[in-house]
Structures are given as structure tokens and as C-alpha cells.
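For reference, chains read A, B, C, D, E and F in written order, and residue numbers begin at 1 within each chain.
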């Protein structure tokens, strides 16, 4: 039985071994993998071609089954390929279309942070006091784009314990010349009362519009909500998690306690342990809008984005290529 | 003109130079200073005695005019001394009463943490999940007293950046054998949802029942309020600030930025500064009750405690001894 | 003029006389009725066929014009039939497609409770304290599916006056071996504070995501909202009411007062009457998500489900078959 | 050593055996017991008299140590007796004053429900839609007084499961000619939206202004709060619990499960149990005012009532007579 | 039977005919009336003197029975007179004390606005954006006092329809040199989001801490509450209404419709009427503190002020002088 | 190069010069302009035709680039034209389809107010107390349609300063015979407590479901939300602003201060200025539903309407005709 091309297999290996990291890079690599599988397929019938690509999709999907952007990239490509396959009979023509689909996704993904920045920048006005949190390329992109337009504003940057990602954000802002103020995480409520807007990133967005992001994000959101400060999430559309449509919970990882306190100190305690959750969940009622490369959407409208971009989610047949895999065997 | 006794002056010097520190110790020292001034006074008339003590009160008060417990101790003693002076003519008898008043205050103050612990402990039941914050002797006293009664519970301890006072609290709990979990400050909302009660201390309590305490306290309170978790403040009654009755704001000190980030790192930034506020203000609507040595009171009832314990607050004549000082000169 | 087949008429009669009851059964019967009308039509032109089926749709629809699932079933079938009729010219082929459409709906409906159970079960974790309300097959399905996966949890069951449907739920849970606690309806707030999740069913879902369900459901939802407990509605997608898109209110039936108090007792009172509303309306802001067989959706996203599954709702031409009926006469 | 008079002992026995029941009756009986003990004391010194009465207070107090009105009655009498004893030397004169104190309390108590009715009635206006809950003499007193003044209003009466005390209230309203509507407890939110005011009674009021009352009261309060409906508690001042000042929790009794479901039915279940809590706690933020015989007060001001009427609560020496008991032995 | 002195009667006439207007002026005039009645009384016994003054109190009270400051002034004087009368036997001495009491009240009242200004000014900091509402001497006093201290701030002034009292406030601020911005009432929410504090006056304060003030005040308070802006009421202590302790409602006057629209225009409508309520009620949960000349108090603590300044309110015997009037006849 | 037809140019001129005003009229005129441009095009190729119409679209769009309905009308027509152009090769046939598209839009727009009225009227029941605000044809349409159905209700009409549009609404209601009550804007909260529903119009609806409307609308919404009164927005679907999808803020115009106060008066002030914002923004959480001619939708679902009716919004290529314009040159 035909295997997937070596390049596709190499892409899968790089994702599995985490040589390829980051939501955007993973999604683009996966789509690249499918493009190659399509191109190199020796199938002479459309159905056979779909089966070959389905195998590639399966192999790529299994590299990191809980990643959020990976299945989105695969679904984006594969559902569009199926749609085209219903209209086109000639293999050569279909391969051309497949190439267009894949290139379209990769371009969109490559431009996503920039597009989000341009959109988000329009929401900032002179004199704004802005909060960000942790270290997010998309949220920073918004700030940088607004600054490039000559807008004047100040950014509060909580340090984000235990790993101090706020220091990285502060350094980015400093390099960009944007006035910023570093603060401890626990001073958020005290300083929020004079703020105007919050921009944060996202690790994943769930079916009902909740946002999974670095621990503390929901605390910033709660505080912004109390003070009537606008709270925006800047996130690429492939951060939406289709698995949550089927009720899958996003597991909140508990990380090494050594990040919080030195193991020497911890060893001296008999009755004290440490918890170090990596993420928390911000409910949709605290989020004014999610800024994606597809536009500004209310969190409850996330589902529409999901459907349009990545195909309607079937709760029974979770992955669109499974049907073709079965035919294959 | 007569001066204050040397011992009284020494007490004043110790408070000014911060050799005498801590709300309780300052208040007791100040009352001791007035007791000595009363005892050593050579006045033969009640009015003259009151003037001598007024001078001592003034000198002691000026050592740290913005301290909260200092004027409370002085007012406690002096208003009661005036009241007795209206009934008693003999100097010797009045001095005896003054001694009783002072001893009463010092005993009450010495026992306050213990009494608060006993009262607060009754609010804890088996199985409770409890949050505390920063490092408070009164809040810890509540936990320890409950544990001594054999109650089983677990305590979450936020680390309290930038100075990690949570580590001290964790060590205290560890020594007491109370199961505890150290966490970063930003994981409060994530972990609060299963909690039952919060116990924190206070630096000062204002006329309208708001609580000034370590930065982040209001964030814990907001989070507890959102999750319908009871929020208790454990504080001695002399933490109530009479000056706030006259509209005085409690200034929120901004501390050294070196506590938040190394000065080396900070120096590398041109556009990033640091803010390090030491306290924040928790509004009364987030506080279920304040546990004092005088009993459990709603925050809005703080004012009644203030009046009863330290004399009705006159907005025009801020300090009860001023009238006697004027007569004196 | 041609009539509808006898079997279709019999199905209509059974719905009207309430021999066929329950949202799912009614919807499936109605679709079955249309399938038969299509199959048995003697029309030789596509348009004539559509007219025949339109007549069947009208007759079936009129049996219970205020039912929610009935028009959804009819719309599901008929809008898809029209779409196919635009592409297919041969009657025989169209009939085959119609058969597929109908079978698809009936399968989906038959599996809906099971699918909802599987999806909802993923939201439950070990140690959960769960509330349910009244007696709902979909909500019970979630609990049973989670229990089958070996998850450990406890369920609070309010008795649900006046008809004590909570007793039935308790019996179902008992048979399934799931630990449960029966309570009176008025103890919900007292016991909610330690709960984690709520699962209830729905009688109907409105255009703006509000849920119509047994009286008291909105009280459970309000209480869960206050205590930051997740509130989930488990409901098949045909519970979404298309009529509410056109502003139709869902009437809240007032039932026999004899359910609330014996008529003997009531007769003894001159100035006291009884009200016995059967349903109430839970606003979308109290609902974290609706679990349908199509996936987990935010209540405000219900409208998207409605459009996709049952055709875009036209406010002017309420029923898709009316146009064909007019042509017919 | 002298004993308490036989009549006092008989009163104590009646309270212990629950022949004397109800907050008002118990408090009045207890004061009567102290009046007799004072009158019959053979002491010739004021201090001895106080010791005799202290013994009576102790005996009466021990009959039902967790009752709320009992210690309030005893404290009312005894703290005033001590105050008088500081001014009066002659036993005969002191006994006369004691008689006045006791009579004053008993009159106040006897008139309390009537006075509360008169005060509360002023809050009702023509056209009001009013909710009550359970069966409260004070709340009913308000309604009856308003009706006697010719005011026109309607009263919703939840049935109050499991014991249907709402039926009693409905009967009282019916006899009084007041239009009323009996409803199930779970329809409260549906029907609250058009209401104007709620009047309920109280079993106890805590130091921070929370109200302990029949299970479901806090649900009515939450619902009223959501709908911006005024929520009033009608309660005699001796319902304020001084023990809660010292942190004592008011235990929520769990009553016999047979009240909720027949034991036959219950026996058929293996995995289902029943909980039947008798009371819940309404937080002060849901209460607009407490109507006492001393006037309308905000719940957070309850503490002031407590202090004025029953003596300042000492957290160390819980009962004012203990000091005299110790001297006695 | 003795009448009241002519001067007292003249004062009463001036209050009744509204020649004497304004809460402060009325209260001072009434106290002056009692001072004269005391001074001119020919009584030779304390009790007779009290009866003479009681008559004056009654006559003065009846001039405007629903005014709030009038009974407060009378109660202030009379309850203190009774207290002195218990200690002093000599008529001459008692008259002297009465003079002191009256003078004390009049001085306090005359200085109240100034004292409130000084206290409130401490709550303002540089850069504040402040809202006021309608035209209040006490609220303006706060702003002016802060400005005199050199503080820099800006004041938003809603115009306050229908009588445009905001124009008067704007003129006062303009004369004082304080930067101000006049706005329409309906732009409050739009402009509130950047504000820091609100200062308004009060017509009356009720027993549970609610504030009766010009229509629209509660709208400003609701908006400030939503935006986490501090809301302060600046009011003399005699604005507290003792009658509300007995459940008396403060009637909301409906004023002439001609204030809202010209009668010509109104006459042209057949189905349109006009409502013009003069006041609304701001609930205590929207008020951060009430600034009185006695200090800053939480609204729920208003009751304590009432008791201390004007005597404990007896629900049965509403006016302290009635007892003496009865003796008189 | 070909120009646009003279009639199209005339339509553009009328929009620019504001001879054509009102959201509906502008949209319909613009579509008419495109219909003419299509009809009169001399192109013989589909692509050329599209280019000609693109030029017309550009010219019409530039007349008032910030209007909301203008681009919606243009997008409606042009995106459908493109879709048809993909299927149809013959110019004549395509022109026919273009005519159908344009006529369809114009009919829908002409009927929109009527349709909205019919839908909204179903939400009104006998006895309702309803608030409206400012002067909205759609909101009035709802009231009139309900009244025509014989429903009995009363309408509160705030006057809407500074231009008193409430007077116009009152006159409309009067002519229709609908009972109404004119009030000042600041009495909204006082009178809202007994209301049942609010109906207002909209100037624009943003991507996340917020509503831009006359200043004060958000105040009415906040007040309705506090009082649990349903808040409905009646608006044609072309009020949805596609530009907000790309982050464009809707600028809140500040109008002439002479509307608020006479310039004479204003000139007398040195330190007082005037602000006169024309609109405010009501957040989606205050809106129960938006009533459009396409049905009742939750505000968060607005985005779905936008996509379906006016084409998916591309953040990079803002206007669908730009691509064809580029080809043209």
C-alpha cells in the first residue's frame, strides 16, 4: 500500500518532536505536508487521491492530537479539497486547485498577525491607557501597529509569574519605543481603574467563546469587566478549537513547581505543597470582542468563524478524512 | 513650663525612630507614655493634670502623624480620662483610674490577636478550603486557633509579589502542621472557584468600612465576591482610622522599583518604567464581616466601633487633647 | 385534486390526537409522513411532486401548529427537497434523494439523545457535584454516559413541584446506580454553593438563545449564575423554535390548580386563588452552553444552528411549502 | 446555698420541655423568671441580690442554650439591673426598678408584632403586588395592618415545601379578606418580575445583618434583588443573635427526610438519599431594611440595635451574669 | 393657659408661609423659636418649663409637618433639654443650659456647609474628573474648598431638566474659576467612563441610608456604580429623616407639567400626558459615603448619626415633647 | 474610458449633497444607481460589465464614505452580481438577474419598517408599560402595529435633549391614538421600575452587536437592565456596519453647543464650556434582541446577518468591487 511522501513524513516528525513549534508554524507545516502528499500522489482517480491525502492527514494529525491549530489547518485544506473534488474530474486540475488552497492558507496564516495588528490598531485612540498580559505576538502586533500610525498611548505590563513573560513584552515595547510600565500581577485591580482597553492573546478559543490563555488572564478580564474597561483578545482564527464543539475539555496543565519556588525551599516544608497551573479560562461575558485576521467578532460568534473556515463540525465523524481512510483499507 | 517625663519622651523617640514598630506595639507604647505622664504629673488640680497629659499626647502624636493605631491609643486613654475627670475631684483617685484605663487598653491590645483567633476559628468548619493573603498575624491566628480545635481544612497561600510574604505565611502554616498550598498571585481566580472562605488582615480600616491592606488584597476580594466565597478581614479595632472620618485619604505608598525587578535589567530599558504600589483598598461591599477583638462586625458598622472605643470623632477639633493644650499655654 | 396518501393522513391523525407524543417522535413521524407522500406521489414533473409534498406538509403542520419540533422536521425535509429539485430533473432520482434526506433526519433524531449524552459526558470530571432539574431524557443521558465512562459524581435532584418529576429522575438515577440526593425546590440556593455544574433539558429554545423549560429552571439558572456554577442545557437541535425568529412569543401555559392543592382545600378559601404556570424562560446570559447533537454551542449561536439545519427563516413567507401550495390551486 | 424560687424553676422547666415555645413567649417567660427571682430574693445587699438573680439567669439560660431570644431577654433585664444597682443602694427601691425593667420588656415584646405591623404598613401603597414566604406572624402583621388602613394590594404566597406553611399563611390572609395567590416555590422567579415588595419574617439575625429564616427565603431574596423588588424582613429586635458577634455560626438543622418523601418510596431507592435543611441564610446585600419594633433599620445597622437594647457584647465574658455567679460561689 | 411668645409665633408663621425657606434656615429658626420660648417661660418648675417649651415645639412642628430638618432641629434641642432637666433643678441654670444647647445647634448648622466642604475637599486629588448634579450648596462647597487648596480638577455639570439648575451650578463654578463642562442629562453614561468621583447634595436621607434628591440623581449614581466611579453625597446631618425610621415613605412630589413642555403644545395632544416627578431615591448600595459636618459615614451608618444627634427614635411616641404636652393639658 | 450613466451620477450627487437622506433612502438610491449602471453598460463581456458597475460602485461609495447603509446596499448588489457572473455567460441574461437582485433589495428595504413592525408587535401584550427613546420610525412602527392589532399598552417617551425628538414621537403616538406619557430624560430610572419592555431604533450596529444610537440610549438600556426590563432594538439589517468588522470605530460626533444652551448665556462664562455628543454606544449585554426585517436576532448574532446578507467581509480587500476596478485600469 502506498505510503506518504518522505517530505510529508519529515514534516510530521518535526511536529511530533517539537522541532516545529508555535500555533502558526505547526498549522502551516501541516498544510504544506498535505500539499506535498497531493502533489506527489500517483492516484489516477479522484477518490484514490483523496484517500492518499487522507492518510497524510491522519499521520500528521496523530503527531500532536491535542494541539489546536494542527487539526484546523488539516481540516481547512481537506474540506476544501473534497468540495473541489465534487466539481473536478481531472486529477491534474484538482492538484492545481489543491495547490491554490494550500497556498491561500499559508499566506493567510503568514499575514494573520499583521492583519490582526492592523485591525486592532484602529481600536486604539490617543491618550489610551492599555493593559496587556503575558507575552503575545498578536497583542503586541496590535500595539506596534497603532504606534506606527503615530498614536500615543501607555501600556501596563504585568510581570506574569512564575516565568516573567511580562519582561519579554516590556523589552519588545521598549525596542519599539512604546511607553510602558511594568507591574506585579497583584496590582492589576489598583491600576485598572484608569485604564481604557486591554489586549491579550489566546492559546485556544472554545466552542462557546471562552478563551484559554496564560494563567491570570481571566483575572485581568474580571478586573476589566468590573471597571468597565474594554477587553479584547487578539487571536488567529485557527486558535478556535473544533474539539470543544464535541464537549472536549481543554485540560489545564499543571507545570513544574520549581518554576514557583526553589526546590530547596520547598523541601524544607512538610505540610506545604505548590500548585502551578499554566492556563485559565476567561468566560465570554468578560470579552468585548475577539480580533482575528478575518475581522472583529463577538466571542459568541466564534462558532460561525469555525464553521466557515474549517468546515462544519460533525460530532459523529470527527475528522473529515476518516471516511476516505475507511474506503482506502 | 513643665515638660513630659523622660520615660514618656523616650517612648516617643522610639516610635519616631521606628525602634518601636507594628500597629499593636505602637499603640501600647503610646498609652504607656500617657500612663507615665499621668502618674508623674505634679499637678494638684484636675485641669492641670489634663493639661500635662495633653502635652504628652501631643508629643507622642507628632512622632508619626499618619500612623493609624497611634492616635487610636491616645484617644482611647484621653477621652476616658476626661470622662473620669468630670466625676472625680481628687488627683490621687483620678491617677488610679487613669492607671486602670491604660492597663485595660494594654491588656486588650495584648489579647487582641488571641481573641480574634478564637472568634474567627468558630467560622471555620471541617473540609473548608480557605484562602489567605500576604502575611498577617491576625489572619494566621484565626487559622491556628481553628486547627488547635481539631478542625480539618486546607489553606491556599498566594506568594504575594514582590516581597513574597506568602512564603513566610507558608512557613508559619507548615510549622503549625496546617496543610497549605503555595500559589502564584495570578492563579487566584482559577483556584478560587472551589474555595469556601478567605481570611486576610488589614493595615487600616476607613470610616466607610473599606480596608487598606497589601497590594492584591482587593483582587482576592473581587474574586471571592464573584465566586460567592465568604471574605473576612481579621483586624484589631485600633486599625480603624479616625482621620478618614474627616475625609483624610489613606495615601497608597509607591515603594522602591528594585523590589520588582533588578536595577540592572531596568537600566537596559529606555521606555519602560516600573510601578510598585504597596497597598490597595478593598471596598466594603466585598467584605462579609470584620473580625475584631470586640466581635464580628459588618464593615459598614466599623464606625460604631470607632465611636464606642475611641470617642466620638469631632471634625472640627480633631484631637481631644487640643482644647486642654490651648488652655495650658 | 390528489389527496395525501392514507399512511400520511394516519400519521397526521396520530399527531393531532396526541397518540404520537414527544418532540422527537413527532418530528420523526412528520418526516416519515413526507417521505411517504413523496414516494407515493404520482406526479411526473418535479414541480407537481413538490406540490404534492407541500400538501402533505400543510396537513401535517396543522395538526399541532404550536409544537416546536413538528415544523422543524417538515422544514428540514422540504427545504432540502427543494434544493435537490433544482439540480435533479428525473422524478425517480429525486425520490431516491428524498428517501435519503428523510432517513438522514430520522437517524440523526434517533441518535440525538445518545450523541448529546456522549458530548455532555466529556464535560463531567471526577468529584463533580451536579444539579439537574425536572425529568429530562437528554440531561439524564449526559449523566448516564458519564457514569458509564466510570466517572464519579453526585447529583442533586429537586423534586419539581407540583408533579414531582424529580422523583422519576431519582428513580432513573437509582436504577443506573448513580449516587443522587433528592431535595425540595426551595433548598436550591442553600445547596448550590458547593456545586460544579448543572445539566437540564429544554422544551424550546428561542431565536435569541433563551430556553423555555419546566417552571423553576430559570431559578436554578439564576442560582447557578450567582454561585459561578456552569449551567448547561442538553437539547436536540429541533427544539429551536423558528417561529420566535418572527417574534412569536412562546406562551406559558397555566395548568390545572388541582395539581397544586386539593380542590377541597381551595374551595374553603374565598380570597385566595392559585396560579400554576408550567414553564419559565431562562435568559441566555445564564446559560454557559447548549449541548446539541450537532455540538456544543453558545446560546446566542443557536440561530446559526437553526439556519443551517432548517433553512433560512423568511419572515414574510413563514413556511417553505406555501409557495408550492399556491401554485397548486 | 439559696436556690431559685419555685416559680422561676417552673418557668425554666417549661422552656426546657418546650411547653413554652416561640421566640416572643420564651423571652417574656425568661424575663418573668428573673423578675420573680428578684422579687423573692432574701438578699439584704445589692451584690447578694445580683448573685441570686445571676443564678436564676444561669438556670434559665441553660434550658435552651442555642435559642436566640432567650439570652436577649435575660441580657436585657440583667444589664439594666446592674446599671441600676450602681446607682441604688436600697434593696426595696432596686426591686421596684427591677419590676419596671421587666414590665417594660414584656410590654415591648407583647406589642412588638403590632408595632412592626404599623411601621411596615406605611411601606405599602395601593396597587402593590407583594410576596411573602412561609408563615410569619410579623410579616402577616404588616399585611394585615396595611389592609386595615384600606390599602389595596395582592399577596403571592409560595407553598413552602415540605411542610406547606404557605397554606397557613393563605388561610390567614383569606380570613382577613386579603386577596392572595398560592403558588409553588419554583415559580417565584417567573412571577416576581411584576412584584413591588417582599415581606418575610426571621428566625435569627446575625452580627453582620444576615437573616436566618425558613429554607427558600434566600432564594426569594436573590430573585427580588435581580428584579429590583424591595425586600423587607419583619422581625422583633430580640431575633438578633448576640452569639454571632463572637463568631458562633447558626447551625442549619437538617430535618427528618420523611417530611420530603414517604419512607416507603425512599426505601425503594438504593443510591438516592434525601436532604432536608430547615433554614438558609440571606446575606445583607439582598435586604433593603429590617423592620423592628424599634424602627426600620438597614441590616448592617442591626449591630447598633443589639448594643443598645441588650448591652455591649463582650467577646471574653459572654454572659453578663457570669461575673456575679463566680463571686457567689 | 400660657401661649407661646410672640417672637416664637412669628418664627412659626414665617416657616409656614415659606418666608423662611431652606433646610438649614428652617432648622435654625425652629431652634431659635424654642430658645425664645424657654427664655420667656414664666414657669417656676422644671416640669412646667418643659411643658411650655413642648407647646412651642408642637406649634413649630405643625407649620410644615413633612419637612425633614424641622423636626430634627426641634428634637435636637428638646431631647437635650430633657436630659439637662433631669440633672438641674434651678430654672435659671436650666435656661442657661438651654441657651447653650440652642446656640450650639445654630453654630453647627451655620458652619455645616463649610465643614462639609473642608472634609470633602480632602477626597479630591489633582487631575480628578468630577461629576456633580443639579445645584447643591454642600456639593459646591466641596468643590470650592478643594479649588481653594489649589487642587486642579474639572467638573461635569448635567443641565438638570426641566428647571436647568445645572446652569446655576455652572455659573457658581464659573465665578469661582473652576473649569466646568455643561452637558445634557442623557449624556451622563457616555461621559462617565473617564470620571473619578461624583459629589451631589441631598434633600433627605432615610433610615436605611437611601438618599432622596433631585430627579436624576439615582441615574447618575447607577451610572457611577457601573463605571466604578466613587459616589459621594454631601449633606448636613439634619437631612436624615427620623420619620422614615417609623416606616414613613418620603412622598415623591409630581410638579407642574408646564415645567416640562409649554401648555400650548400639551393642549394639542389628546392621548399624551406629562409626568414631572421632582425627586428620586438613590439606594445605599450606590453610595460610597455620605459627607456630613459630623464626618464621613457609610450610608448604612446614617442611623447612628440620627440616634446620636437627635435622640433615639421611639416608634410609639414619635415626638419627644408629646409626653409633656399631655401632662400639660 | 467609459463613464457612469448620467442618472447614476445624479443619484450620487443627491446623496453627496444630502438631498437624499435617511439610511433606507440612501441604500435604495445607491442600489438603483448600480441597477442603472448595469442596464446601461455597453460591455459585451461579463468581466467588462463587472468593471463598469465597479466604477459606479466606487463613485457612489465615495459620496458619503462613513454612512452605514450605503456600502451595505452596494455590497448586497455587487456580491450577488459577481456570484451570478460566475454562472451566466450571456450579458442579457446577467442584466436580467441584476435587475432582479436590485428590485429584491429595494422591495425588502421598502418593506423593512413594516416587517419589523409586524415582528415586534408580536412581542407586546395587553397591559404592557413600554419605554421608547428619541424618534425612531422602526420603533414607532412596532408600537403602531401592535396598536393596530388592538393591544392595549402605554408608552413612556423621554423628551431627548437637546433637540426634543421625543416631542415628535409623542405627536406620532398622539395621532395614532396610542396613550403616551412625555417625561424628562433624567426621570428614566424612577419610572422604569414598573416598565415591561423598551423599543428603540439604531443608527448603526457594530460587529460585536453593540448599538450606536442617539445619546442617552445606553442610559435607557443600563436602566432597563438593572430593572430586568426587556430591551429591544428595532433596526433594518443594513444598519449593521461592515467596517467595524475591520476594527473601524464609529466616531461619536460632537454637535454644535448652541443646541444645548444659547450662545449668549455661554458667552457669559469664562471657565465653563459645553459638550454635546450626538450618540452613545449600547453594549450587547444590555440588549435582549435586535428586531430586523430578517427576524429577531441576539446582538451577538448580528454578524451572521451581516455575512449572509452582504457577503463575507474580507479584512484585506474591504470592498468587493476593488478587484474589478484594478483590472479596469
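Here is the rule we go by: a contact is a pair of C-beta atoms (placed from the backbone, for glycine too) under 8 Å apart; a residue touches a chain by one contact, two chains touch by 3 or more.
This one's a predicted model, so the numbers in the text were calculated from it and none came from an experiment.
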item	value
Chain F and chain E - chains in contact with each	A, D
Degree value of the rotation bringing chain D onto chain E, based on Cα positions, nearest 5	120
Option in D-E, E-F or C-D whose residue-number contact pairs overlap A-C by over half	D-E
Classification of the chain A:chain F interface as same or different, half of numbers criterion	different
Whole-Å separation of chain centres (CA-atom averages), chain C against chain E	59
CA centroid of chain B to CA centroid of chain E, Å	35
Contacts with two or more other chains, residues of chain D listed in rising order	226, 285, 298-301, 304
Contacting chain pairs - touch in the sense defined above	A-B, A-C, A-E, A-F, B-C, B-D, B-E, C-D, C-F, D-E, D-F, E-F
Chain E partner contacts - residues on chain B that touch it in the complex	207-209, 244-249, 283-285, 298-301, 303-304, 307, 312-313, 315-316
Contacting residues of chain B [partner chain C, same complex]	193, 226-228
Partner chain E, residues of chain F touching it in the complex	157-162, 167, 170-171, 173-174, 177-191, 215-216, 218-219, 222-223, 226, 252, 260-261, 265, 268-277, 280-281
Residues of chain A defined as touching chain F within the complex	111, 115, 118-123, 125, 285, 288-289, 291, 293-301, 304, 308
